[in-house]
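Look at the two complexes coming up: chain A is in both, with chain B in one and chain C in the other.
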Partner chain A sequence: MTLLSVQDLAVQAGALSLVDGVSLDVAPGEVVALVGESGSGKSLTALSIMGLLAEGLTVTGGRVDYDGTDLTALPEDRLRALRGADLAMIFQEPVSSLNPLVPVGRQVAESLVVHDRASEAEAAEAAIEMLRRVGIPEPARRATQLPTELSGGMCQRVMIAAALISRPRLLIADEPTTALDVTIQAQILTLMADLAADAGTAVLLITHDMGVVAELAGRVCVMYGGRVVEQGPVDPLFAAPRHPYTRMLLRTIPRLDEPTKGELFAIRGNVPSPKNWPEGCRFRTRCDRASDACTARPALIKGDHRVACFHPVEDPE
Partner chain B sequence: METAAPRSIRLSALLTWWPAWLLLALTAAAILAPWIAPLDPDRQNLLARLKAPGFEARGATYWLGSDELGRDILSRLIYGARVSLSVAVLSVLLSGLVGVAVGMAAGYLRGWTETILMRLVDIFLSIPAILLAIITVAVLGPGFVNVILVLALTRWPRYARVAYGQTLAIADRPFVTLARAMGASPLRVLALHILPNIIGPLLVVATLEFGLMVLFEAGLSFLGLGVQPPTASWGSMLSTGRNYVGSAWWIATFPGIALFLLVLSANLIGDRLVDRIGKGR
Partner chain C sequence: MTLLQIEDLKVHFPVRTGRFGGGKGLVKAIDGVSLNVAAKETLAVVGESGCGKSTTGNAVLGLAPITDGRIRFEGRDLAGLSPAERRHVWREMQVVFQDPVSALNPRRTIAQSIAEPLVIHGHPKTKIAARVDELMDLVGLNRDQRDRRPGALSGGQRQRVVIARALALNPRLVICDEPVSALDVSIQSQILNLLMRLQRELGLAYLFIAHDLSVVRHIADRVAVMYLGLVVEEGPAAEVFANPVHPYTEALLSAIPLPDPRQRGRRKRIVLEGDLPSPLDPPKGCPFVTRCPIAEADCAAARPALVETGDGHRVRCPVRLRRT
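Right after this comes the complex of A and B.
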């Protein structure tokens, strides 16, 4: 039973393909991590699920099944009824993601008010309770303050409170800690995961932090160049990554238990821009296992642990 | 010495905002006209025609002189302020309402709505405003309500332009996307999340437009297309005073000074707001 099932999703800006055939599933209550470098199409995938793509970007193919309904075919007003109530989202920049002129308490209560789930007074009450639950001291006083009076970490807690107050069934968190101090990142993520678990909310966590993935996610979906290259349960995928890209990505993380001598590992080359994506496998220009076969598009092999590669790593060292 | 510093600060604050006080005083005079006007503005006294300021007749003093029908200039000035201010306020409100709605809709909905609305704005902006106003009044006929309608019709594109640009800038901000992710409707996003964030520059435009509206109303009245006689209006006073400039300078001079001060104070307030809020117009 899946809650959300994205199939062959394609997003284009005019004729330029940005997301090309992304498929992923999220089961109720599950935490799925969507991993990849900047520009790999993670955020666009998330925004397509919410139906919030910016002007000029369109979903040109595939479907987004939520609870058996294709969201990409849903009229705007029915999609709006789901947003905030069933589907919630958290953004990267906590401070600029909050309206600078509205007290944070009212912003936390927004989804309750929008969906007529509570009266203004009840919503205000619930917002204060929610602020308390995300660990904001003196929530009643803080609720009356503006985002500019709060720190970045506080603002991120506020956004988490706003997203979870309606107990949504799916929370999409787009790099929720990237803009925060390293010292509080883990704290915020744990908080988010705990509250989501309490509410039975499934989480699609977008990140490029592998440590976060290992700790929180049940399954991982690795994206490169607008496509999913590897997907599977977190433990086998981390223990034995099969796609050369995933393997290199994991090798870029410096390890404390294996002291590296000299330089840190880096994947050679840069992420090509969507205009310069190569034919076939998009990683082949940076891959050390590439062959002529790679000029054709590799399919995502079916199974629990899927990989889209003609030369997958069979035996991890 | 110690108390002198704060007092001088307070005094300088009072002085820097003198345009606001002047505007407030004029508004008060307009509202309280029936109680503070020394004489009936429409009462003619043919024995006291074209008398110089300070003239006294039958126990009444014409502090600013009398006009060609023996009416008191000061009283007509005070009553005329009612016309100037109410036309300016109402036309600013009406054109602001229409312009902001159009501009925000174009800036937020984008696509075809944007193209059609903003081209309409361009068309309106390419027509000389005062000319359009004159033609429209000539067709609709003069009068208080028509003057307001005409001024609103010619001036809304200014607000639309500013509201459009500001909405475009704000609509891309993450908090607008977050509000949409919360399920807020376009109307809610526009009214609650975008409007409060763009109201500053719009207020600046409204203040500057206010001064312009006062001038336009006076211009229309001067041409006989505004508020009709015998209702006192600064524009029509200027118009009749023009015929007597050589013999009775006070008829045209005082409404001229009043107009000058009102428009100047509105513009100065606008400039102050620009300084405070930044980038307007």
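Right after this comes the complex of A and C.
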């Protein structure tokens, strides 16, 4: 059963297309990763789902069905009621997402109080319990402290506690560990995987890190130039990527089991900005398999493992 | 030959503490670090935020105050240099920082940015344009971009400009502080390949400061792992990555997410409890004792020494050393 179904989503800034026909599904208890580089449209897709697009950006097409309701057509007050209760989001920068003047315990409890789900006292107690569950030592004392008195890793755990306290059915995590050190990242990823499994939360994980995807996600959508270029279950997608971009992206990552000091595989050219996206396939100017056919837009072929390419890779190398 | 010698370096910063800044404290950002960089080699300094890796680089560059210890370049103590000698050292030692956007003046053209050190160091005016062209070729920039401004370039191209500028005076040592971590994944390997090629062609030595261990493993000859202002393990990169001895190095390596879903659940992952202790109030003994899975009673008592275990491999962990 699908909880979130994004269909053919399009986002524009004026006439400039930034997200162009993105479709993806997330089921309860499932972690779906949305991967891409800067300008791929992955974060805008997430913000569109939450109805949090910045001024000047508009959803110009498609639907975001959440539990059967199209969120893009929902009035702001009903959407706000869903956010913080059913839908929660974790951002990359924990420090700037928290209010520097409010003790962290109260920020964690906020969604319970605002949505009248608990009294102040009950919410405060629930917040301490939630801080303990996300691995914050001495949660009762920490709850009284301001974000500036906590480390970055602890602030990120506070954000996660605030997002999870209302037991959301859908959690959107936008680069939740990118600003963190690798040993703290390991703690947070383990925590998110456990919570998805235990509480049946549907998780949409936005990241640029293929390592994080492989650790946490069940399915993955690879985005490039505002479109999904490949999607499918992680195992076949990593073992035998079919889109040339996915394949090249995986090959550029220095591996821990290959000889050192050698030439690394590199994708030629630069990540194009939305103003300079080529006609047709947007990866074709950097692709070694491109032909004249690629000046037309490739459709995402149907199936469990989908790819949008006129010359997909048939067999793993 | 040893190009750069860092001897028992200490960098302590006085800070105000408490919610209203009423208290006083001392952050020991670096508390006794000794490292050597030989000509033409890459020494990587790795560790998490607050470990002191960037402060080490900054101290070498004269950007952080040295509380104690010495830094020698080509055998000369940097503290006692005459102005002329200092000018010479600044030619030989250059830096590439993480963020190519803030490293470049947005109003200057690419050619002006690259020419800047040449102008400052009195390179003959008539020869500057030719040298800029040469440097642009060297780092893979197109010559017809010379009159562009940084805003018109991509992140990878801007980092190439920063590298060209760093190479303008033919340095022997380049300090690279997270040179690829602000770049897109598909661009990182281009810049790493460039740095490796330049090292081969120009005989450069790199002090490479980074947190991404898969990058470090690929390009470093030797690696030093720092934790809370101290080196906890140092050695040949291949050896440290294959056989880490210090429990922190082990945890750090096991925490790297691998881009291979088949490894999930099969790897032994050491998830560390808790956070880095406050550098205002570090543990008395071993800096890692509060999070260490194998700590014993005496670890909290006195700071362990960095002990050579053979072949230039040094480890600061008495527990592991007793067991081997």
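Assume the second predicted complex is superposed on the first by the 315 of 317 C-alpha atoms of A that agree within 3 Å, B and C clash if a C-alpha of one lies under 4 Å from a C-alpha of the other, contacts with A are read in each partner's own complex, and residues count from 1 in each chain.
Simple rule for what comes next: a contact is a pair of C-beta atoms (placed from the backbone, for glycine too) under 8 Å apart; a residue touches a chain by one contact, two chains touch by 3 or more.
Keep in mind that this is a model prediction, so the values were computed, not measured.
Annotation for the three-chain superposition on chain A: chain B and chain C fit side by side. Within the superposed three-chain model, A:Val182 lies in touch with chain C and out of touch with chain B [touch as defined at top].
Looking at the superposed arrangement, the partner reaching more residues of chain A, out of chain B and chain C, is C.
By the touch criterion defined above, A:Arg80 lies against chain B but remains apart from chain C after alignment on the C-alpha atoms of chain A. Between the C-alpha centres of chain B and chain C, as viewed from that of chain A after superposition on chain A, lies an angle of 80 degrees, to the nearest 10. Legend: residue contacts after superposition of the two complexes on their common chain; A:Arg255 is shown touching chain C, with no touch to chain B.
Once the two complexes are laid over each other on the shared chain, residue contacts for A:Met159 go to chain B alone; chain C is not touched.
In the superposition on chain A, contact of A:Pro100 is made with chain B only, not with chain C. Contact with neither chain B nor chain C is seen for A:Ser23 once the two complexes are overlaid on the shared chain. For the three-chain overlay built from the shared chain A, the minimum Cα spacing from chain B to chain C equals 13 Å. Those residues of chain A whose C-beta lies close enough to touch chain C in the complex are 37-38, 135, 137, 146, 149, 151-154, 181-187, 189-190, 208-215, 234-235, 238-239, 248-250, 252-256, 260-261, 263-267, 270-271, 273, 286.
If you check the complex, the residues on chain C that touch chain A are 19, 48-49, 154-157, 184-190, 192-193, 196, 211, 213-215, 217-220, 237-238, 241, 251-252, 254-264, 269, 271-276.
Chain B contributes residues 110-111, 172-175, 177-185, 188, 192-193, 196-197 to its touches with chain A in the complex. In the complex of the two chains, the chain A residues touching chain B come out as 50, 52, 54-55, 80-85, 87-89, 91-93, 96-102, 110-111, 114-115, 159, 162.
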